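Two complexes, one shared chain (subunit A), two partners (subunit B, subunit C).
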Partner chain A sequence: MKRGDVLRWVLIVTVTLYFAVPMLAMARFAFQVVPVALLTPDRIFEGWSVSGLVDALGEPAFHEAAKTSLLLAVFAGILNLSLLLPLAIAIELRAQHLKGLLTTITLLPWVIPPIALVVGVAATFRSIAPWFLASPYSLVPFYALWAMPFTYRALDAGLRSINAKTLYEAGRSLGASSRTILWRVLMPNLGASLIAASVLTGALVLGEYAFASLLLKNTLPTYLEVYQGGEPRAGMALALAVMLLTALMLWIVVRIMRRRGLDVSAAAGAV
Partner chain B sequence: MASVTMTGVRKTFGSTVALERLDLEIESGELVCLLGPSGCGKTTALRVLAGFERPDAGQVHVGGSDITLVPTERRGFGMVFQEYSLFPNMTARANIEFGLKVQKVAPAERRSTLERLLTVTALTEHADKFPHQLSGGQKQRVALARALATQPRLLLLDEPLSALDAKVRESLRDEIRRVQREFGVTTVFVTHDQHEALAVADRVGVMSNGLLEQLDPPRILYTAPRTPFVTGFVGSVNRVGATAAGDGRYTVLGRTLPGIVAASSTGGGKAAVRPEQIALDRDPAGQARVLDASFLGPITRVRLRDEREGDVIADLMSADAADLVVDAVVRLRLRDDVESVVIL
Partner chain C sequence: MRSGPLAGLPFLAFIGLFLVYPTAVVVWRSATPDGALGTAALERAISTTYRSSFINSVQLSLASAVIGALVGLLLALAIYGLERPRWLRPALEAWSAVASQLGGVPLAFAFVAAIGTQGIATKLLTEIGFNPIDHGLGVSGFWGLVTVYLYFQIPLMFLVVMPAVAGLRQTWREASRILGAGPVRYWRSIGLPILLPSFIGGVLLLFVNAFSAYATAYVLSPSTQIVPLQIRFLLQGNVITGEEDLAYALVTWTIVLLLATVVIMSLFNRRAALWSRG
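Right, the complex of A and B next:
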């Protein structure tokens, strides 16, 4: 083996261990009912059980929190796309010189910490529309904003990879109206990007803790935190399950985009 | 089919002047190439014709009517782009039919148009393939068929061959010419490749810095360039000394013959002489020395250094250049069949 290869393998193994060891430890804690102090090599296969996870999945409060989070993900995705899709298309087709500005603006949500957003926005709404903050769905605009960097990049990469401007001009030269081009040409070819943008938003919302906690909302992550206080094993099992689900969603996105020949690293580069 | 007139068309982007003042007349059924280096304004001229750019000043008339402010989708032109512009979600067939469907052409007529175009462009067996299953040349043939399907009054080609490799480029170039003649459609073809322009066009318009320098048939453009820019841009050229001999005649390389003074002549006492207009005499008393000779098949390109004229290129029939070796001493003269020279 060459020196470069050795270095590469050392890196791969180190990184794998860095991620895998804590997860394996989590899994052991969640599914093996044997205290670490009593864990000897001959008892390594004893006491494994998924009853904790089954119990946790049966909790009505969990269903409630999961439903809230899923709906939040759907609403945030819809809000995000309905704002950013027309904007991204308009910029790509009509005002490419504004692209740099838009790219910077869409990064802002990551520069401003959640606490600043929440304090500012909450103070404003508390005085003008207190009812808005009472509903768990008051999180939708926050999440739409928070997911904007992902969504915009997925859409922008999609528009660039299909050469949207040329397709638009070709369509117009054939006599098609902007609306016809949008529905018959651009949207069908942006399908993969739209799915990617939605799933990324979903994955983000399912794991978001700061906004929900600061606004005292009961979503999946805040529920997990509270539940784990009382049921450490089951809570851990549930956390693992949510993590795997999110990873699966992201894997599906990558697969879809690869199959459509989209540049995954560019489209999902923000991840 | 329609004639095209652009009068005083000006277009700027910020502080960049893309078109200074373009006057262009194209006859019905004609194929005109706009030729020039990148940034000369040829693509802007085409985009103004297509309606993608609105000129700052000037008018565009097609078939006698002013279309300066008519939006692209109502102009009824066909266009082929440099980048492959086929709709990726549609088969070749659906791409070609797109414009017909938009115009709500009856299915029977649509099918007969489609069949004719597929036959003309030899795409019948590829009709149900998606763009990503087609080669570059096939994609541009579909694009050509798609642009012709709606029976455009004007066909606009924006560097349609630039993304293709050399061999495909040449065959598609001839195919475009054949199809254009068959349909008789007035065509504007933008390219930066002079060989492409000279081979395909009825007339070539050479552009530079937002101005049309000369618009003429390829042969005239080559033999009688009107400006120094055209002289240098189209074909290779040697600039050799010319002395006025009165009566519109000039002495060039020892021969006195009629001179065509270029429109923008600076009277600098130079003549433009093509490499193929030069002959070499084996003369030990000559003033030129062979630097090197490249064998190019039918011709051999010889680079020489002349004591008076500087570096000169001569293209000889290979049979006449067989004995030329490096450092051979020769004398330059104009070939006997040269009847006039262009005075710069």
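Right, the complex of A and C next:
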């Protein structure tokens, strides 16, 4: 091996270790029924058990929080798509010069992060519409908003890859109406992008903490934080499960995007 | 589609109501403490304790952005030059897309398990004679937070910079070699100038990403003096009149800082797009 190759592999192995160690440590904390102080390297095979996870999943409060988060993810996904999809299609077909503007608007959630926006929300809606903030589902519009930079990228990449404009013009010259083209040509072809965008929104919602915590809503992340304080081992197991679920969802997005030959970096949302 | 312009209306109304309106109210109130135009709140938000929160936040974000960007870039370069194993690059890209979004509460717990006081890695290192906590490397300190943030910063940088690295054509290297340039000259005159806009754009994106991160820092050490945690403290701690204006002012400064960063970032990204390959 050349010296360059050695350096290359040293870097790759180091980074891999850095990514793997916290997960493995978490697995030991979560699934070894051994006092934490005794989790030393020589006891690595002692007392493995999934009882922590079973306990965590059996909590009624967990069901409540998980249900809220799941519904938030579904509603935010629907809202997000119903706002962005018509716009993305209209701009791709009719007004490509507005693309830059839309990209700029979808960058706004980076400029106004949740911790900043939540202050504005408390300052405005709390006095003019207190009933609105009382419900946990008041988070839906803000989660839809927060997901936009990511989902817009997935939708835009999808529209470009199917050559939506060409399909539209071909359909028109063959005598189809706009509505027919939309429902029978564009939508079936966009299926993968739509699923990718929805799953991505879901993964983001499952992890969002700042908004839920400051508006005192009981979602999965806020529940997890409180629960782990009282039940360290079971809480760790639940955290690991949530993390794996999020990772699985994002991995599905990557698979879908790849199968369509799209760039996976849509998950980065900002470039 | 005749409804073209109409398709934008619900979207704009939505953005207006849920993003622009609350933000505008906060900015306006920060500039009108006690109901009259004045800079008292805005000035207080960058003096004494609050100034140090901004300094801490900037230092934390900058450290994690620069280190994350360097490691991410080196990783991209390492992977790009590697032909085998062939699965490595797609696997790393997929992992990066996943890990760049893995922030928040579970990640904080993972690092408590790894490098907390009772952490697995802490014990391992203590056994070989180096207790990281004794050297100021606890998970809730400055470098601890940087270590945790890198978990999502490195993958984000890898995703952002990979297209630029993939844009370095093999033919350029061959052409420069034929023209008599060594590797040093090649990197100085061609490689680095091409990668630089992407790199700087990446650093700025990572900076914004770290500056607005909240959950991880809150779970690991809620008393850290950084801007997002100060905002929380002012909003939830006590509802004394005047303190709210201070929270609004902190938010205004945060938005000003992030806006400036994002504007500069998009200038660099435009430049970077010239040679990129997805």
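Just a few scattered comments:
Keep this in mind: the second predicted complex is superposed on the first by the 247 of 271 C-alpha atoms of A that agree within 3 Å, B and C clash if a C-alpha of one lies under 4 Å from a C-alpha of the other, contacts with A are read in each partner's own complex, and residues count from 1 in each chain.
Note that a residue touches a chain if its C-beta (ideal position, glycine included) is under 8 Å from a C-beta of that chain, and two chains touch if they have at least 3 such contacts.
Because the structure is predicted, anything quoted here is derived from the model rather than measured.
When the two complexes are overlaid on subunit A, subunit B and subunit C sit side by side with no clash.
Of the two partner chains placed around the shared chain by superposition, subunit B is the only one that A:169 touches, whereas subunit C remains out of contact. Judged by the touch definition given at the top, the superposed model places A:15 against subunit C, while subunit B stays out of reach. Of the two partner chains, subunit B is the only one that A:180 touches; subunit C does not reach it. In the superposition on chain A, contact is made by A:119 with subunit C only, not with subunit B.
Judged by the number of subunit A residues each one touches, C leads among subunit B and subunit C.
Across the overlaid pair of complexes, the angle with its corner at the CA centre of subunit A and arms to subunit B and subunit C is 90°, in steps of 10. In the overlay built on the shared chain, the residue A:143 is in contact with neither subunit B nor subunit C. In the superposed pair of complexes, A:75 makes contact with neither subunit B nor subunit C.
Minimum Cα-Cα distance between subunit B and subunit C in the superposed model: 11 Å.
The contact surfaces that subunit B and subunit C form on subunit A in the two complexes do not overlap at any residue. Interface residues of subunit B facing subunit A in the complex, by the touch rule stated above, are 50-52, 71-79, 81, 83-89, 98-99, 102-103, 132, 143, 146-147, 150, 156. Those residues of subunit C that touch subunit A in the complex are listed here as 1-5, 7-8, 10-11, 14-15, 17-19, 21-23, 25-26, 29, 71, 74-75, 78-79, 81-82, 88, 90, 93-95, 97-107, 109-111, 113-115, 118-121, 123-124, 127, 150-151, 154, 156, 159-160, 162-163, 201, 205, 208, 211-212, 214-215, 218-219, 228, 231-232, 235-236, 244, 247-248, 251, 254-255, 258-259, 262, 265-266, 269, 278. Listing the residues of subunit A that touch subunit C in their complex gives 4, 7-8, 11-12, 15, 18-19, 21-26, 28-30, 36-37, 39-41, 83-84, 86-87, 89-90, 93-95, 104-105, 107-125, 141-142, 144-145, 178, 182, 203-204, 207-210, 213-214, 221, 224-225, 228, 235-236, 239-240, 242-243, 246-247, 250-251, 253-255, 258, 263-265, 267-268, 270-271. Residues 162-163, 166-167, 169-177, 180, 184-185, 188-189, 261 of subunit A are the ones touching subunit B in the complex.
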